[in-house]
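What follows is chain A paired twice: with chain B in the first complex and chain C in the second.
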Partner chain A sequence: MAIKDLFKSKLKVVNIGLASFTESLERSGAQSVQVDWRPPVKADAGALAAVEAAAADIEKANAKAVKLILTGKPALVGMGVALDTIPGMTHDLILHAGPPVTWERMCGPMRGGVIGALLYEGRAKTPEEAEKLAASGKIRFSPCHEHGAVGPMAGIVSPSMPVFIVKNEEHGNLAYATMNEGLGKVLRYGAFGPEITKRLKWMADELYPTLAAAIAKLGRIDLKSMIAQALHMGDEVHNRNRAATSLLFRALAPAIVRTCPDSERAAKVLEFIHGNDHFFLNLSMAASKATLDAARGVAGSSLVVVMARNGTDFGVQLSGTGGEWFTGPAPVPDALYFPGFTKADANPDIGDSAITETNGLGGFSIAAAPAIVQFVGGQAPDALRYTKQMYEITAAENGAYQIPSLNFRGAPTGIDVRKVVAKGIFPLIDTGVAHKEPGVGQVGAGILSAPAEPFVKALSGLAGSLSAKPKKQKKTLSV
Partner chain B sequence: MAIKDLFKSKLKVVNIGLASFTESLERSGAQSVQVDWRPPVKADAGALAAVEAAAADIEKANAKAVKLILTGKPALVGMGVALDTIPGMTHDLILHAGPPVTWERMCGPMRGGVIGALLYEGRAKTPEEAEKLAASGKIRFSPCHEHGAVGPMAGIVSPSMPVFIVKNEEHGNLAYATMNEGLGKVLRYGAFGPEITKRLKWMADELYPTLAAAIAKLGRIDLKSMIAQALHMGDEVHNRNRAATSLLFRALAPAIVRTCPDSERAAKVLEFIHGNDHFFLNLSMAASKATLDAARGVAGSSLVVVMARNGTDFGVQLSGTGGEWFTGPAPVPDALYFPGFTKADANPDIGDSAITETNGLGGFSIAAAPAIVQFVGGQAPDALRYTKQMYEITAAENGAYQIPSLNFRGAPTGIDVRKVVAKGIFPLIDTGVAHKEPGVGQVGAGILSAPAEPFVKALSGLAGSLSAKPKKQKKTLSV
Partner chain C sequence: MTVKGLIKSGEYFDSVTLMIVGRDVTALKGVQDAAVVMGTQENKAILKAAGLLLPEFEKAGETDLLLAVKAESPETASKVLAESEARLLSVRSRSDSEEEYRPKSFEGALKALPGANVALISIAGRYAGEEAMKALKAGLHVMLFSDNVPLEKEVELKEFARGKGLLVMGPDCGTAIINGVPLAFANQVSRGDVGIVAAAGTGLQEVSCILSNESAGLSQAIGTGGRDVKKEVGGIMFLEGLKALLEDPATKVVVLVSKPPHESVLKKIGAAVKDSPKPIVAVFLGAEGKTLSRYGMLPAGTLEEAALLAAALSKGGDAKAAGKKLADRERALSELAVKEASQTAKGQRYVRGLFSGGTFCSEAQLVFQELGISDVLSNAPLAPFKALADALKSERHTLIDLGEDAFTVGRPHPMIDYSLRCRRIQAEAQDPETALILLDVVLGYGSNMDPVRELAPALRDARSTAEQGGRRLVFACSVTGTPEDPQDKDKVSEGLKAAGALVFPSNAAAARFAARVAEYLEGE
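And then the complex of A and B:
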């Protein structure tokens, strides 16, 4: 066929790889077939062989680990001040999102969050003073995840911040998260200054005692049931939390009215939550953390129990490899950017919120929340496709967390690092994007594919843990 | 093929008509093809010819009527007591659901509702006294719909009941509905007695002033936007109102706290709404009523502006035929019955709530609420199928009311009686089922196909209106 004939004829195209080409063709009316192909993931041959050889034991370990995940029962049971509540918290400690990172390697928004926290704590009077203090070595930094906590975006938790206490009522472990500040100029996007300090003070002085008293009156709030209902109501409880926030609001309001001595304060508290559809996010994260922490330490298990980003590195932890972090550079999201911003403004991926995906929610359950795909530039069928793909890399379906548009199929749960590496399918995370400079705030939102490196390393780590273990110990997995 | 071979071979079946046969076959693994066939609807040949001849004028009238529907802007603007608020309400009048019906022809649950209302009004001391009074001719009965009002199930509105006032802010007309009482033994299912009277008194004495003050403080609550959001959150705002109730709760709570002088009363009011996921239903109905009433009286229009059932008759009104009711016997729903009940216990279809379907919501938007199909015994794909079918008999899609699972397609809106009769596709209504005896309550829920007779009669009525009009008057339609 001559080239010029090509322009006259109806095209029939076989496209390999990037689906967006097929989509463009379909939009222009051409017939096309999409072949789902990815470049093979380069993994260590020895590690692959070791994991392959131990397949039966790994399966047994994973069955145990995933059962621990699926039986988790997270409930909000109280609140407290971080210093008195979070294990290992001290006056000089600041917790942050993602794997460990030094002040020197911290990205802009996380540095901004640290500066904001030091101003809020009264440890510095100016941002310059705070920066100096942060760099001085007098302040220690540690991942939230190493203290049973999680934080969205920069994920900063400083000693005097109030936190929610979430209990895994089935397995007894606790998890912690701060209260969500809302949108706009907020600490989690690296904003600092009088406006941020003032809001954080109000949250500590009025919001915290009001909520704490209401939660105490209620005794507990069943987060598992609330998340399950929210999935039936268009949330995936990562980037969309409108339903879950509404259900939480309904549960709290009568108790707030009964326990708050000042009706104007009660009204302001209700307005604050009503004004922030993301208020539930931190609870969804803490619920996921409480759920996954119970599945830690199952020797031989290849299931992922943490995915977290500090804005510099993307980190992964496995059930079978203890507290070890497997990291690689955090990617910059291909997002839908707000007017006036481009990818050049974006910070690499940041936040502990990928704990929701690790728990089968967020991007993994995005088919429950098609409105998000619309928000990040896709169409409703994309959401179905994303979730279906995640079944390829997970060990189970969570019957408690159902996806209506997939005829109530359970959320894909228990990421198996072996499947991720073997299939070259990486966890999909739907995420907000922070400006790379501190204090600018959110510049977009998008669906992000996790990077390969941490998973390849984690597979090697798992292989190492297998050879390090005596045979006798492995036998205990077959419970 | 010998019969006995049939039992050994894999079946390939072509099924004509009732889809449930195909579904059974598919469940047992047989291949089958479903042919969508219905018996032809018997309509008057003269009416069909007249309507066919006036097709161009009817199209113009429908374009006008549907524009009036789509541009409607229902908002909750206040509350009042029925006697002072509803046009034409008097001390001796009781409003009811559906088309007109005498005491003699009233079904059990509606009679129960009337007895309950007379006890509540203090017009009778015992149910026997109330029944006697109701039958005496001293109490007049009239359809809610003829007073700008709507009521779920029995739909009883008596003079001293408080009602919501919903305004169509685009076209200026008002609609009214009582507050939803909750589940269990309630007036709308025909229950009466001290428990019901006590709740109604509390609603009038405490719930009403509390809500009225909060609404007054807020000025207005945009119901169109709330319904639009709720459709993104798994409601179809007829049988599922959890999201809409949550959004209403969020909007009201801070204002309730600010305006209610008694915090325990405020807490009880919030608990009452929180405890009833159907609380929004009556507002969804009033919003639909306010929307559709604006489209009344477009001469020549074949669009349905009312579908309503009184438990005896199913009634329809068209935009082009004024206040005339076209009725036929109300069918008994093929529902999923609660344990202990069967179709033999069920009352024929009852309630004004089909006003939501008339407005493109409820069964017409059931694809937005797949959880309902699960509740009534189907599967999520059934919900998609039901909504897709409703596009066949409607004039437009409502861009404000989007269905996420259909890639945000607008709700099928503006039922065209010509399409209904020509295609033999009848409006799908998802409905609660009342016990046929007064006071027993709900016995099931189901998806119901409206009966043919009212639509066939309505088509004849429309034909009559066309011939009755001088040509000149018809010309005014082409606006």
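And then the complex of A and C:
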């Protein structure tokens, strides 16, 4: 608008800085908006310049990547045993949450999960024996994410564990997750021992075949529409899965009754699902994983396809930078702690469950689940604000996942690492907090801002990929 | 004495919020000193000088918030630290609890306010340039209130803006009025047909207020920031603003306000106004009137004169009317000066001017020079006046700009926070050589909302201090503002008079009065 046109227009002012100026503007009747500005994150100047120079190409790549995400169509299509099902799974491999980590650097709850898994697998008789074996080098560790899988908290997957198989029906790729064990003393919080082993055995021997038969009978369960419905029912399918679990229960129950030869077992299976509000979590994670994996490998794209934590590091992967992990220390959440526990008891953030946020759910859609904010000491308007903030760092809105309280606006989807760094706004993640000692379990819950470092490194990684010789990048689906 | 502190990583508050919290906390019982600042190098240096730099602060970065308290006991220090944190939190939750979502970025703001046409930017200078460039790229005009924007950045922004036909007002532009809307520090003035381009913020305020009070009005008032008319920037925006006003059908008279522009810039201004059918009044404080006349401009010696000239022209009168008005008043001022000066005690010899507006300090010096008062020192001296050895200590006739960096680092501008000036008034009152204290009071949006509450007790205390020493102090004030300002100029003037001050219609008039008093005292 030329200066002379400005003189003829109604003044509309964006105020960046002193809020008192906005008050003055309002008093004199001008339209204005106050920016709650914060300094940008310190990032490598060369990387920033390279990314800025390639802005048009990046936009194009992101448009492509985000389309792959939005068109994704995850459905639960079956179950199998990890060893036979998950690509690359072997007898001496244990999968874990987050970016790669050695036994030496593993946090307490993850070590506990490994011990519990080795006991469950019969590879050790005592925890001490299991620990020795884990440290011996005979057991290999690898991130779930590098095998098309995801796991909450410690995210431990061992060879004989049964897993859900989720298919992205639009793009053909598969994702995997174990079944959720429930709350209390559970493997994903690092608990081990006879009680845990017994439950895992029951899940493998009775829960798994019962569910597998029911799913086979149903053919497929459309997870995308189930998540969409759950968002309308007060879930964000990360820290609140009550509605989604109920919907799953409704879908499964008749099929279980029809396929299970033993009515007592059928009842127990249904009671188990009914008794665990988080039963759907592992499916919402696998659905998100299947959705995002389809958007991997779009050269030049600055969109985030993985955020995951192993309790030591927080890792990020971008669509445009292949399998490379960008990591920084995982933060200890400023959470609301259960009575008797404090931040001093807390383990740094852990779990693959941030895949839901990466997919626009969880903390990104928290406006759909105000109950959670209350749970962590906030108020309903906080939830709206959190979600609105996430629109500022995302590339698109997911029309399938709508948020009723925002007039059915689509979930903020496709985290753009450029926007994260430039605006200093970090992804908000709903998180459960594990005790730092193995086996104690959950000690709190909260809403956490992702740390800066992985995103700053990812931006540099992206800049590097731009300057690298343009080679034909294969789509690296984790199948 | 105990010093305690803490670091809050990744917490960001704007500098004014921090300064207000810092000031309030310092005023708490048992606190000797306190600081609530972002962990920049400059702030760390300030903390170090104040003995508040804790070892753990060394590694803090500029996105870390530092809180430090020096108190009489460890318990007090801890308590005050917690109190500071709570106050910051309450600021945050206040803005957070508002129903309206506040976007976190410029991009988000554009979505929230489609069709936005001006970006008003007042964040720290090292970030401000980037945000300004974003706004320009999005086609918005920019008012850059922030200072400490690098010169190269200013040139880059202005050249880019000129290419796109956009305005960049600032950096360090304190005031502008566009379409009648006051931006940043500006006054509620009448609308009319006088357009202003100013490279001096307080000067713009003074001219626009006097115009308004003279029943003339403003079409547009464009600020450019003081550096614009220097050689390096080349007057880019001064010229763009001037051209826009010359083309603007709603503008009949143009007023140019600045300290003397660089020769090369003045030449360009001259070329731009040549053949203009609109009268151009120029107040380039300290510039040769003859040069301006040669370019066809009407030169004014003071801001007030410029405003009176423009008001007369706007109302269809001619320049002579303004001259006569000033000449008439001059006689009254001289008589008043003699009357007041003759009542001072022996030994009271000097004028002490304590200015919150830098332009006013310059203008006052020019008035003193014009009237031949030579024994004047300043922290911002205009040749031939010399610099004060110590800005904190007045000598002979002293005219101080309290808005200079030495006074403002780490605290709000003296137009907002009067505490420094009030302390200085008391110090001057204790000096047996002080005869007159000269003050400017600037009203409008952004300024202190109740200056009388701050100044009246300070004036009364100063008066009684002097009286205890058998002296009589004269207080001379100007009030820059309008009755429509949130503070109400008339109310403020009455309040100051009630506190014993003589209130003048302009800074130039107050300075002339003070200079006449000085003249009388020298002759004694």
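We take it that the second predicted complex is superposed on the first by the 431 of 479 C-alpha atoms of A that agree within 3 Å, B and C clash if a C-alpha of one lies under 4 Å from a C-alpha of the other, contacts with A are read in each partner's own complex, and residues count from 1 in each chain.
In the analysis below, a residue touches a chain if its C-beta (ideal position, glycine included) is under 8 Å from a C-beta of that chain, and two chains touch if they have at least 3 such contacts.
Keep in mind that this is a model prediction, so the values were computed, not measured.
Trainee: Kindly classify A:Ser136 by the partners it touches after superposition: chain B alone (first), chain C alone (second), both, or neither?
Mentor: Neither partner.
Trainee: For the overlaid complexes, name the partner, chain B or chain C, with more touching residues on chain A.
Mentor: C
Trainee: Tell me the contact category for A:Pro381 with respect to chain B and chain C: first, second, both or neither.
Mentor: Both chain B and chain C are touched by A:Pro381.
Trainee: Between chain B and chain C, whom does A:Thr102 touch in the aligned arrangement: first, second, both, or neither?
Mentor: neither
Trainee: On the A-aligned overlay, A:Gln389 touches which partner chain: chain B = first, chain C = second, or both, or neither?
Mentor: In the superposition, A:Gln389 contacts chain C only.
Trainee: Under the stated touch criterion, which partner chain does A:Lys423 make contact with: chain B (first), chain C (second), both, or neither?
Mentor: second
Trainee: Which partner does A:Lys42 contact after superposing on A: first (chain B), second (chain C), both, neither?
Mentor: In the superposition, A:Lys42 touches chain C alone.
Trainee: Of the residues on chain A, which ones does chain B touch that chain C also touches?
Mentor: Residues 379, 381, which sit in both footprints.
Trainee: Which positions of chain A touch chain C when the two form their complex?
Mentor: Its residues touching chain C are 1-4, 6-7, 9-21, 24-25, 27-42, 379, 381-382, 384-385, 388-389, 391-392, 419, 422-425, 449, 452.
Trainee: Applying the document's contact rule, which stretches of chain C touch chain A when the two form their complex?
Mentor: Within the complex, chain C contacts chain A at residues 10, 12, 14, 16-17, 61-63, 95-97, 99, 101-110, 112-113, 115-124, 127, 130-131, 135, 139-141, 145-146, 165-167, 178-184, 188, 219-220, 240-241, 244, 247-248, 250, 445-446, 486.
Trainee: What residues on chain B touch chain A, complex-wise?
Mentor: That would be residues 229, 232-235, 242-243, 246-247, 249-251, 253-255, 257-258, 263-264, 266-268, 270-271, 274, 370-371, 374, 379-381, 404-408 of chain B.
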